[in-house]
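Naming follows writing order (A, B, C, D, E and F), and every chain is counted from residue 1.
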Amino acid sequence: MIVLLKRDLALATRAGGGFGLAVAFFLILCAMVPFGVGPETSALRPIAPGILWVGALLSCLLSLDRIFALDYEDGSLDLLATAPIPLEGVTALKALAHWITTGLPLIAAAPVFGILLHLPGQATGWLIASLLIGTPALSMLGAFGAAITVGLRRGGLLLSLLVLPLYIPTLIFGTEIIRRGAEGGDPTTPILFLAGITAGVMALVPFAAAAALRVNLR
Amino acid sequence: MIDLGKYAGTVLAAYGVSLLLLVGIVWQSWAANARARRELEKYEKNG
Amino acid sequence: MSIWEYANPVKFMRVSGAVLPWLVIAAAVCTIGGIAWGFLTPEDYKQGSTVKIVFLHVPAAMMAINIWVMMLIASLIWLIRRHHVSALAAKAAAPVGAVMTLIALATGAIWGQPMWGTWWEWDPRLTSFLILLLFYIGYIALWSAIEDADSAADLTGVLCLVGSVFALLSRYAVLFWNQGLHQGASLSVAPGERMSEVYRYPLYLSMLGFLLLFLVLVLVRTRTEIRRRRLAALQAREMRA
Amino acid sequence: MSLLAVHELAAARGGIRAVEGVSFTLDAGEALILRGPNGIGKTTLLRCVAGLQPAVEGRIEMAGDSVAYAAHADGLKAALTVTENLRFWAQIFGGGSVEQALAAMDLTALADRPAAALSAGQKRRLGLARLMVTGRPLWVLDEPTVSLDAASVERFAALVRTHLAGGGAALMATHIDLGLQEARVLDLTPYRARPGRSRRPAGFNEAFA
Amino acid sequence: MIVLLKRDLALATRAGGGFGLAVAFFLILCAMVPFGVGPETSALRPIAPGILWVGALLSCLLSLDRIFALDYEDGSLDLLATAPIPLEGVTALKALAHWITTGLPLIAAAPVFGILLHLPGQATGWLIASLLIGTPALSMLGAFGAAITVGLRRGGLLLSLLVLPLYIPTLIFGTEIIRRGAEGGDPTTPILFLAGITAGVMALVPFAAAAALRVNLR
Amino acid sequence: MSLLAVHELAAARGGIRAVEGVSFTLDAGEALILRGPNGIGKTTLLRCVAGLQPAVEGRIEMAGDSVAYAAHADGLKAALTVTENLRFWAQIFGGGSVEQALAAMDLTALADRPAAALSAGQKRRLGLARLMVTGRPLWVLDEPTVSLDAASVERFAALVRTHLAGGGAALMATHIDLGLQEARVLDLTPYRARPGRSRRPAGFNEAFA
């Protein structure tokens, strides 16, 4: 099954695979916020964790439709569904591939963009930690949304609409970690909650996503 | 007419918005139902 | 006769058609009566006339949550027992639930202006309702986006399941996020038990009215959906022949 | 024992059953060709057999994981080369040799070409070569020779014959001649589903019709 | 030519047309920002104009791919190109239809969402004014981006990436109007600039968009 | 004067010319059928004539705004009814009567059906009815009878004959018989473009070949 992951990574990094687009979008978003709210450090610093998380989340969102749509259109999904690997595994792996090609670059870029938004230095570590713990859940929930909307033409906006409410708990605990961390508080509780959500999502959502895929393949 | 005191605007606004929404959904449900019935009857009559 | 027989569309149409007129009368009497009675209640010594808003606010808030629960049950019935009418009932209930949520939000916001001096506060309860509205919107949007009825019923059912879990999760997350600003005290100036009888009976009537109104709307809307499906089905069959 | 046994199968598409009461068995070494007018339900039936959609009624008996399915869409990735595409499916299915499959469909010369640079017919040949690397005994093929020229149709027929000789079986839907005279033919026209209230509706369209 | 506008409006408001999705997305964005940056009025009020503008802009963005893609896929665009109306007019009209179905609802909803973000009351008028002046430019620039990417499958993220930098001047002047207006300053200068941008965009971009369409139809 | 005159035309697709040196004229009342194997460049040539892509070499002479083009995609909106679809194109082209067009392609009974609820053949008929409401003299049709049954092909032939009798002309590409015996046929096979350095490359692929 690792071969599926390898192929998805290869496809994402080849020409036309869209690797890096999400980070570019993240950059533009982070660059636009100061235009919107004003360039003063005092204005940017308190909102930096939130903006970075919302930005990462939106960048993640816009690349979700690729998770299954391309495989659906060229028939690969039909073939994967008849292959000797469970469809649940396929969805989990595809979410993992999405995380590696989108989540990891975003996490790597986040500290740099944190500087643009005057994120306090001691918060950077917590930013990375919270993203590392939280973004896998974003990818997996996104895969669920993508599985539901895979049969629709131009379903991008609908996909966002379905997935964003599911992202709320992750977002809340994620930013809470940074805020508490930056203020010198104890972020253990939100970290535990966030880790719990991610673990729960990884354990259960692949089944829902696979069920949705089966309906769409029918 | 009953006296609503200094909060008249608030109370009337709350009642106004709510009744508007309620009447809206009732009217929409009714209109859609009538329309669906008409279309189905027309179709079943034709063929 | 088992309750599942009502899942047969023909039977459903017949039975619902028979009870609807009575239900409509009961719902009209209770809703209009409850709201009017509430409107005519005397002023509260502390909240002034704004207390009258409770007769809209609380029934709507109650129904907003209950309708989602009803949709969840209907979705489960569809997913497990494949009763087509129950899927359509879930579809029919969603816009009603969204409107109830909107009423709760709107009356709450309007009420908040004199009570808290602000239209909107990110109070956990208020925030949870906003999130509930988002789930309603997503559910309705998914139904209207998918053309094939069978896929639409299955996919919205799965969404309703997953959404319920996350709506609950969001509720706890929101409590965690904003416990510092919790407005619990000012929210329950008149908690149900201690509410004086002047307010309690009109509130009960109004709540019953909203429940009956919901039943009427769901039945009517389900009948609409059944007719639409029937038309589409006849056309599909003719097309294939 | 037969590789595939279908009993009184009804298959539905778009909430209405398309064909019903279809029964046949397929033994090792046999090929069966499904025929019938546009829209009768050939594709639907094949997807049922492949396990992509549930049967409305009836039974499909076969060993687990024995089907290799090939439809119009070949599941090729334009950015990967011919060999990479084939190797991927070989690894997923844990099946046969990639080189042999390339040789069988005369693709060896194109092995390092990205799939994007193949013509329609060459893509189709690659899609058929994929069948060999699955190592599955039962091939389920939907219009396998679309956009193939005469020489490639020959080659396809030879491929199927080798597969049958090796104890495999093939179930195919087609409108045109595949060059397989030994195959049995099943015309689906008599099995067209009759409208009428059924005990267990196939979907919304049948439940409300 | 008015008939083309009428048809696009009819299609957008019928089932499956996606009317209202953009507003819903806008609502979700506005609801998510407080989860990110915290619920305090003091944190939300200063960033409200910026968030509202960025939110409107993103909602507009995510509905752009519908402008031409559906017509391209079903062949209508081929036929429109051979019809006795100039392709420049078609692009301008399609941008107008997009504005009416997306921009106007967003503008209508913005004051409500302003309440969620504690936008000061006196700024609401300026919010509406700035959106009214600025969003037509967003739709027209978006139509240009959509025309460039119309032939691509799953070009959504790329489209966003192309269009967002073009949106920056509009965003800057738009929020400046609100900020100055809320602080009681004189917003005439940014209003003039914004109106100038919109006028210029409306006059020139249809030609670029039509040229891009011609290339993609070829 | 002829409605269409094509002189030494070369047409390119994907940066490489497909056909070159094609010349013909088409007078009022005439129909010309283009034939040739898959991929020779029929579609490409028709798109040149319709003005959707520029000719690489040669000239196309005709009056402005005289072409009505119909390809595989019919430009129908699934959410609009049959009449609404047709009326839209009638208004855009300022052309003929919607009712007449509906009657000609036997669509009157389906007039209020949304296009989504039409079968493939019915959609195709609606696409052809669209030609009538354009009011254009020169019809450029790419495989017009795909997915039509025999009766509809008849009806299509009658439609074209009426159009020709009214002073129109038709240029069509097809692989199958259209039932128009009076039409001239032009086989494109001899005009297949020969690779070789040309003075004016058709695109990147030719410039760097």
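One rule holds for everything that comes next: a residue touches a chain if its C-beta (ideal position, glycine included) is under 8 Å from a C-beta of that chain, and two chains touch if they have at least 3 such contacts.
Since this is a predicted model, take the numbers as computed values, not measurements.
Counted as hops between touching chains, the shortest connection from chain B to chain D is 2. The set of chains touching chain A and also touching chain B is given as C. At the interface between chain A and chain E, over half of the residue numbers involved are used by both copies, so each side presents largely the same positions.
When chain centres are defined as mean Cα coordinates, D lies farthest from chain E. Copies chain D and chain F of the same sequence differ by a rotation of 180 degrees once their CA atoms are superposed, given in steps of 5. Highest inter-chain contact count (C-beta pairs) belongs to A-E.
Distance between Cα centroids is largest for the pairing of chain C with F. Inter-chain centre distance (chain B to chain F, centres taken as mean C-alpha positions): 51 Å.
Averaged C-alpha coordinates give centres for chain C and chain F that are 54 Å from one another.
The centroid of the Cα atoms in chain D and the matching centroid in chain E are 47 Å apart.
Remark: chain A and chain D have CA centroids separated by 37 Å (rounded to whole angstrom).
Multi-chain contact residues, meaning those touching two or more other chains, occur in chain F at positions 119. Residue positions 73, 158, 161, 164-165, 168, 172, 218 of chain A are each in touch with at least two other chains.
Residue ranges on chain F touching chain E, taken from their complex, read 47, 50-54, 65, 67-69, 71-80, 84, 88-89, 91-94, 130. Residues of chain A that touch chain D in their complex: 3-4, 7, 10-11, 14-17, 71, 73-76, 78-85, 217-218. On the side of chain C, the complex with chain E involves touching residues 109, 118-122, 127, 130-131, 134, 137-138, 141, 144-145, 147, 177-178, 181.
The touching residues of chain C, when paired with chain D in their complex, are 9, 84, 148-150, 153, 226, 229-230, 232-234, 236-237, 240-241. Those residues of chain D whose C-beta lies close enough to touch chain C in the complex are 14-16, 18, 39, 195, 201, 203-209.
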